[in-house]
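In the two assemblies presented below, chain A is common to both, partnered first by chain B and then by chain C.
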Partner chain A sequence: MSSSPVVVIRRADNAVVQAELIDGVQPRDLGLIERVWTPVRAQILAKLRAASVAPVDWPQSLRWDWSRKEGELKLLEAGGFGVICDGDWQGVMLTKSASHVALLASQRSKPLVYVDYVETAPWNWPIAAIGEQGRYRGVGSVLIREAMNESIRQGFKGRIGLHALPQAERFYDSVCGLTEIGRDPNKQNLLYFECSPEAAEKFLDEGGES
Partner chain B sequence: MNEKRTMTLNLTDVEMGVLEELARRKDLSKTAVIRQALRLYQTVDMRLGRGEKLIFEDEAEKKKSEVMVL
Partner chain C sequence: MNRKTAAPPTERWIRRMADAEDGCASIAVGGLAYDLGMLTPGNHENAPWVFARLLTLARRRREMTIDALAKEADVDVAELLALENGDVTPTPRTVYQLAQVLGVSTSKLLAVAGLADVEDESLKEATLRFAARSEPTTKLSKPERDALEEFVKVLVEKSDGG
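Then we have the complex of A and B:
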């Protein structure tokens, strides 16, 4: 496991806050993350129900369970990354580096880092309908930037791919500059995005922030 | 944990030719191709071990064939 300094933004006052990027998240970390995040998810769910918010408008990762993904980290091709700030995991991401290849025409069949799962801590979700403004922003950007950096370290030139939940499509398109490839009927019809080496270089140069 | 160890890999001319061609087409170093092959082999082996099947599908020809992996 290694760590490096990164920054995130505290939403309450737009202050830049020091955080730690972890490369080498362990299975036990996923269990810990889930134990801490589960009660917060439950509180959010209760507020959503109390406010009669339609389920279609609930955060789409509300029912994820990171402890069930511990097995994913046993594979050589698996990568685990996270952001720690204030002593808490603020976001986590699992990647795969061998079982997916690029579909983008200019990069077809070349290797990429596939972002299997990425999520920010539930207390970071801004949910206007229940008055939640979220604690930190920029965590998702830090993690996507790290996926591109991991791709470069692996010799993949920054190529990444991911299936986006509908609520995150705009983030990957507009903020991260990923290219929309199309809906994938084999993956719940989610929109699949990829990042070319040129787009990765641009996002990394700009220090992309959400 | 990520400390690297060195090994010598003896390949025939044909095998080396295939490795060099894969490295060229995949835009990777030869070392990275071998590393990718090992990762993929482990992933396939683990999933087969769980009882899953590895299948190649040709949509145009409407053909499916199961791949047997050693």
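Then we have the complex of A and C:
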């Protein structure tokens, strides 16, 4: 694994704090990371139930537990990145290169980096209904930035593709400026997005909506 | 374009992105979760809530009180109240009665209520979309009205005559 400096925002005092961007996370590492994240998810689930929050309003990745999938993760060929701050994994991303080609009309059939998985640590989720504000902000943006960087490194000019969970559609559409390709019947109708080189350039230089 | 990789984010960039992220419920990507069978299956856990929201919004859209809807659908007021609170799963008879009043397909409404498996992909999608877009607020906002009308359209179309 290699590490480079990045920054995130600590919500408690709104300070910009130093973090490490880790390159070289392996799919099998997800299982280990999940051993720390899973108990926090369980606490969130208990609070949601106690507050009678409707299941439709629960974080849609609340039930993910990759520690149960360690065998399958070991067989997965993917690259990975993560953000460490304050000694903990604050977010993780897995990507595949050259396994997917673009569907976007202007980029059709050109290779892209497919983002297979992105998630932030559950203690970073702001959940108003149970008073959770989240510890660090901007972690997801740092990871997507790195997906675009990885695409540039691979010679794919910033092209990325991903299937967003319904609750994350707004982030990839409005905030990151990705193009909605359509719902994918092969992935439980998740909305599939792609990023053009122009959109990547804008995101990397300016960021998303103000 | 022969762009080089971007330098580490600036303070301005991360502040702008963190603010924008705050307006989003999640950033989670689900490709791997689908491949490994981790996506939430079906809608049965959500069913009472989705059904409750549909019922509440549809009733309010018609400017009906619970009493009036209960009378028109020949359903007990207490049962209707419990259904709108998401406390109970409706009986098949109640779903049938309500489908008649709301003018939607009985089999689809049974599926939304969690009393039948949802095999229709377009209905699954419409249900998730509706659940994500509607809030149980007192006033029917335009987005809620749009969400309701879009959902009802799916429930009505390709009617099975049931």
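Going forward, the second predicted complex is superposed on the first by the 193 of 210 C-alpha atoms of A that agree within 3 Å, B and C clash if a C-alpha of one lies under 4 Å from a C-alpha of the other, contacts with A are read in each partner's own complex, and residues count from 1 in each chain.
Quick note on the criterion: a residue touches a chain if its C-beta (ideal position, glycine included) is under 8 Å from a C-beta of that chain, and two chains touch if they have at least 3 such contacts.
Here the structure is a predicted model, which is why all the values come from computation and not from measurement.
Engineer: Please work out whether A:S97 is in contact with chain B alone, chain C alone, both, or neither, and reply first, second, both or neither.
Structural biologist: A:S97 sits against chain B, while chain C stays out of touch.
Engineer: May I ask you to decide whether A:G24 touches chain B, chain C, both, or neither, giving the answer as first, second, both or neither?
Structural biologist: first
Engineer: For A:E70, select first, second, both or neither according to whether it touches chain B, chain C, the two together, or no partner.
Structural biologist: Once the two structures are laid over each other on A, A:E70 reaches no partner at all.
Engineer: With the two complexes superposed on chain A, say which partner A:L165 touches: chain B (first), chain C (second), both, or neither.
Structural biologist: After superposition on chain A, A:L165 lies in contact with chain C alone.
Engineer: Kindly classify A:K157 by the partners it touches after superposition: chain B alone (first), chain C alone (second), both, or neither?
Structural biologist: A:K157: touches chain B and chain C.
Engineer: Contacts for A:V7 in the overlay, against chain B (first) and chain C (second): which applies, first, second, both or neither?
Structural biologist: Second partner only, chain C.
Engineer: Output check: A:P111 vs chain B and chain C. Expected answer is one of first, second, both, neither. What do you get?
Structural biologist: Touch partner of A:P111: chain B, not chain C.
Engineer: Using the superposition on chain A described above, determine whether A:D88 touches chain B (first), chain C (second), both, or neither.
Structural biologist: A:D88 contacts neither chain B nor chain C.
Engineer: On the superposed three-chain arrangement, identify whether chain B or chain C touches more chain A residues.
Structural biologist: C
Engineer: What part of chain A is shared between its chain B contacts and its chain C contacts?
Structural biologist: Chain A residues touching both partners: 76, 157.
Engineer: List the residues on chain A that touch chain C in their complex, please.
Structural biologist: These residues of chain A touch chain C: 4-9, 16, 21, 54-56, 59-61, 63-66, 69, 72-73, 76, 78, 93-94, 114-120, 125-126, 137-138, 140-145, 148-149, 152-153, 157-158, 162-168, 170-171, 174-175, 183, 185, 187-190, 197, 200-201, 204-210.
Engineer: For chain B, which residues are in contact with chain A within the complex?
Structural biologist: Listed in rising order, the residues of chain B that touch chain A are 1-2, 25-29, 32, 36, 38-40, 42-43, 46.
Engineer: Any idea which chain A residues touch chain B in the complex?
Structural biologist: 1, 24, 74-77, 96-99, 109-111, 154-157
Engineer: What residues of chain C sit close enough to touch chain A in their complex?
Structural biologist: Going by the criterion above, the answer is residues 1, 3-6, 8-9, 11-18, 20-36, 38-40, 45-46, 49-50, 86, 121, 124-125, 128-129, 131-132.
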